[in-house]
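Have a look at the structure that comes next, please.
Lettered A, B, C, D, E and F in written order, each chain numbered from 1.
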Amino acid sequence: MSDTRNSLDLSLVQEKLYSAVIADVLDGLGLRNQALNHNLRPLDPSFKLAGRAYTILATHTVEIPAAPYIRELEAVDGLTDGGVAVATTGGSTTAALWGELLSTAATSKGARGAVIDGFTRDSSGIIEMGFPVFTRGYSPLDSKGRIEVIAHGVPIRCGGVVVSPGDIVFGDRDGVVIIPENAASEVLLKATDKVEGESNMRRALQQGMGIVEAYKEYGIL
Amino acid sequence: MSDTRNSLDLSLVQEKLYSAVIADVLDGLGLRNQALNHNLRPLDPSFKLAGRAYTILATHTVEIPAAPYIRELEAVDGLTDGGVAVATTGGSTTAALWGELLSTAATSKGARGAVIDGFTRDSSGIIEMGFPVFTRGYSPLDSKGRIEVIAHGVPIRCGGVVVSPGDIVFGDRDGVVIIPENAASEVLLKATDKVEGESNMRRALQQGMGIVEAYKEYGIL
Amino acid sequence: MSDTRNSLDLSLVQEKLYSAVIADVLDGLGLRNQALNHNLRPLDPSFKLAGRAYTILATHTVEIPAAPYIRELEAVDGLTDGGVAVATTGGSTTAALWGELLSTAATSKGARGAVIDGFTRDSSGIIEMGFPVFTRGYSPLDSKGRIEVIAHGVPIRCGGVVVSPGDIVFGDRDGVVIIPENAASEVLLKATDKVEGESNMRRALQQGMGIVEAYKEYGIL
Amino acid sequence: MSDTRNSLDLSLVQEKLYSAVIADVLDGLGLRNQALNHNLRPLDPSFKLAGRAYTILATHTVEIPAAPYIRELEAVDGLTDGGVAVATTGGSTTAALWGELLSTAATSKGARGAVIDGFTRDSSGIIEMGFPVFTRGYSPLDSKGRIEVIAHGVPIRCGGVVVSPGDIVFGDRDGVVIIPENAASEVLLKATDKVEGESNMRRALQQGMGIVEAYKEYGIL
Amino acid sequence: MSDTRNSLDLSLVQEKLYSAVIADVLDGLGLRNQALNHNLRPLDPSFKLAGRAYTILATHTVEIPAAPYIRELEAVDGLTDGGVAVATTGGSTTAALWGELLSTAATSKGARGAVIDGFTRDSSGIIEMGFPVFTRGYSPLDSKGRIEVIAHGVPIRCGGVVVSPGDIVFGDRDGVVIIPENAASEVLLKATDKVEGESNMRRALQQGMGIVEAYKEYGIL
Amino acid sequence: MSDTRNSLDLSLVQEKLYSAVIADVLDGLGLRNQALNHNLRPLDPSFKLAGRAYTILATHTVEIPAAPYIRELEAVDGLTDGGVAVATTGGSTTAALWGELLSTAATSKGARGAVIDGFTRDSSGIIEMGFPVFTRGYSPLDSKGRIEVIAHGVPIRCGGVVVSPGDIVFGDRDGVVIIPENAASEVLLKATDKVEGESNMRRALQQGMGIVEAYKEYGIL
């Protein structure tokens, strides 16, 4: 996940692309189920996010463990430059799994954001930091004695999609898509091309071309 | 749907009225089920929308048809000045039915907005355009091979309410109401009156009148 | 609920504290179920709210009563300085229970906000007023003949938590927590202390301390 | 609701008709929304029920009232020959509203069954009695301090349909339909006729006629 | 779908196998998503079903078409020996898509059952016929003007799984699994073998062997 | 959990009591939240179950572990005379956690049944065995690579209620109630008494006493 792993400029990807065009390219490659469930929404609607997944698997609990939080803290300490914490609580919404202090620690490690298939708290503070978090919802409740991380760095199912460490995560106002690691270069390249094509078609439509005709001409939507 | 159809100034309606007062007038006429399901929300909370419905009926599919999108594009090309695309996917949320290029094409035709009982994508671009779309949610996924328009210009059930082409659609932060075409003039006239009455009562409350007394005085809420 | 009841400075509480830290202190006292259901969200995400609950119990109806609204209006007239209207419709979402005129009347009485386990309308007007309302959703429909208040000033279940008149209500972007009246002083005092501790830990993380180490040092999250 | 009110032989109706044919006749009269929500199911799948509605309106509560149960008991004492208790909790599923002792009391009054848009308990005992109850689900919990009847003999919304005292209730394995009182004679007469027609078509199909052809011949489904 | 297509003895498959063992064999071949959504349940819990899918695609409508039912009746007339009607309404639950007359017609054609991702009516009559139907729920309402078949014999998504004409459908009290046509022989053969293995392990457990030890010995669950 | 732990005759409890009367006694002791979620239903509606909980905590997974099933098998081998397996998947419904071979193994150990807050398979076989299992639903899919047991013999949240090893579990057609271990003797004794009282009141009602009067006389419902 270090800089040298590949030459991806994640900031540029985040700025220039968007989730819909990436999803279209994935569709074209037969990868038609890479969008996370629609209930994973950005804390701030203007947030965009591109980075490499580091996965966190949590589950419900009813007892406060001897060493609460420990695997979650290890996971966050394990984040590296360009990383994105991708976590699931397995459906549990009894507490927030993510918050401001974890966001602060993740930022210090060079992480670019978090995708939490579960709840988040300290949302105002996280928005002020500008750390892009996507979440199923909000809770003021701490995870201690409610949800506990049991593993990290393993494949997980997050928002209905299997995510493995190293996959590319891209999120914006439309939702979150996962690009499998081995398809990343191809997908991002093709997505950059498609952005161009859409600009041409948009101009034709703005100049009054009917959309039936424009679609014949440009072949995209 | 042309200018000459009636003398409605849709821009004025959109600016001066709001969905709650329209719903109250509809209630008074015995039309008590004209509000779409609450899960139809504006892309941007500040969006307001008034126009005439043009309906689009879509359904789920699993095969990419020979000529994908074709009826949807025809429907959009059929939008005219003052029109609002009112579409339903019949419950399918496997992809976005609406997006930026359709919004651009609709704008070119003079359409005023869209109400999508289904998902939308390119939401940032649509918000930048200022094209008021109301939607059940968001997905980066294209409709091709997932959802297909099968008819347009026919009565549909959208957000739980039957909408026919020509009905007036009014949407704001509180939701979307449908005014049946034959009641439009009466409803909009009475709604304009009610807005006045509320202003008077609001002033009385601001000056400290109790609300039990104010309701006796003004007879409205 | 008058000023003299206790010396709580509700404005200061609202400004300095946040729901997550209050929830943590409640957890520490064994009060682990004091957060309302996550679907109760602020009309404007920047809203914060602190005040004393005055409870309102409503239920579904299908007939317009002889004297509609009457108990709801009485309840609002009964709000006093520092009060918060806390209402439930018992699950009914067929109409809005709260709106702008009620907000205006409540403001005149010195009320600080409202928490509605049900739907709200006139949301744009309420946001303009800056009156912090938390709600399950939105509807343009009036409550008359759909939902009727049947009691007020009694314990109710709101968002899954029993709320009694006099309890402290605190809401922000993370949600709403209820502090039982007899624990209020202790909880608010301890919450103020915890806010300090978090600031220290945040600084350490910002300076690059790992979060495993920081948690050992500061013992909080 | 006495025998003399009309000459309906409810036992015969219950034996000979079924909910689907009644729904078809109601459709033919333009009464297309008379089937209760599908989650109202018979305690025993073989139960059938025909009778006149007596309505009961309940709501959630969190306090044990001074005189718990009182309006519910009055309602049951008010049941008469041929009556059916039709009750709603307004969505509350925190306890059972109906049970064996109420069934026993209702039976003594000549009631023919109950439709509970809420939960039921003592289900084994009720099945043994052969008292046809339709319910949304089951709970061992008593209603005291959880759900309280607030009115009876008034129009209610039950399973999504407005039911008034005196309406005919018909339930079987397919669900429950409501026949408005003033349409009862016509509907039951036409339904009896339609049962005949279906028998003829069934025989033709059994003898190998294709269903396209049979539908042309008999014009029903 | 004719007898000569392959030598599958569907009656024997239906009698000897069960859905869990088939699902296990599919898992072993990497086909891990072949079980329909759990809300598809048999009308009678004792129903078992094995046959070849013939698919039916329906969608919601609000207008009664000029020729209602027509494509549905054609689909049923198109059923052949060993066939199973596999239908989806695309999520619509406003009416029943399947009923007794369709079951009767299907039986005459040699069909073995139906799987309806939608609602069913005439359930008592269908159970009496012994025609195994699996359904999401029940409604007394006819589909006319509510749901209309728009295609048949095309791939559909039913209960979350893509089903193509010719796939093998197997249903019992645990649910419904789909065996892709090209894997049918292999899966059914291996499933027959696995049934043997389980019998041996069951005997060992009955004779008191611990299950940790039995699993080591037999390697199955 | 051995015979000597206490003198409870679980078979007698199972035969003579029912969940509603136990819930009433728990209510009387202020234990008002001891009924599991209503979606936990018996495989066969006639099943009754009384025994001592042995808890199993599972969670979703997407990888087949090195030693699948191992903690689940250990848990089942750990069941003893009078035990009831009480398991939760934490909300995961991607596979069945329980099945016939586990039921067979549990029976051999003297276990009396299972309560699975998750899905079950081999339901026909389990019903034939007469082993009372309560479940949220059914799936033919095996848990391997989908759900994995991570602990047993610890407090868990099952159907919304915290269950600890040693608590008494009672289930019947109305649902499942949990009696905390330290209240077991008192609750079961009082419940036996209440069964008597209800018989007297039932007789009075059968003899025509109004229920308002009967409730005054007997003070129970």
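Everything that follows uses one rule, which is that a residue touches a chain if its C-beta (ideal position, glycine included) is under 8 Å from a C-beta of that chain, and two chains touch if they have at least 3 such contacts.
It should be emphasised that the depicted structure is a prediction, and the values quoted were computed from it without experimental measurement.
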| item | value |
| --- | --- |
| E-F or A-F, whichever has more C-beta pairs in contact | E-F |
| Centroid comparison with subunit C (C-alpha atoms), farthest chain | E |
| Separation of subunit D from subunit E, taking each centre as the mean of its C-alpha atoms, in whole Å | 31 |
| Intercentroid distance (Cα basis), subunit E paired with subunit C, Å | 50 |
| Distance from subunit E to subunit A - Cα centre to Cα centre, in angstrom | 37 |
| Euclidean distance of C-alpha centroids - subunit B vs subunit E, Å | 40 |
| Set of subunit A residues in contact with two or more other chains | none |
| Inter-chain touch pairs (all) | A-B, A-C, A-F, B-C, B-E, C-D, D-E, D-F, E-F |
| Contacting residues of subunit D [partner subunit E, same complex] | 18-20, 22-24, 27, 32, 35, 38-39, 41, 46, 172-175, 177, 198, 201-202, 205-206, 208-212, 214-215, 221 |
| Subunit C-facing residues of subunit D, complex | 57, 59-63, 88, 90-92, 150, 154-157, 162 |
| Contacting residues of subunit B [partner subunit A, same complex] | 69-70, 73-74, 76-77, 93, 96, 99-102, 104-105, 108, 119-124, 127, 137-142, 144-145 |
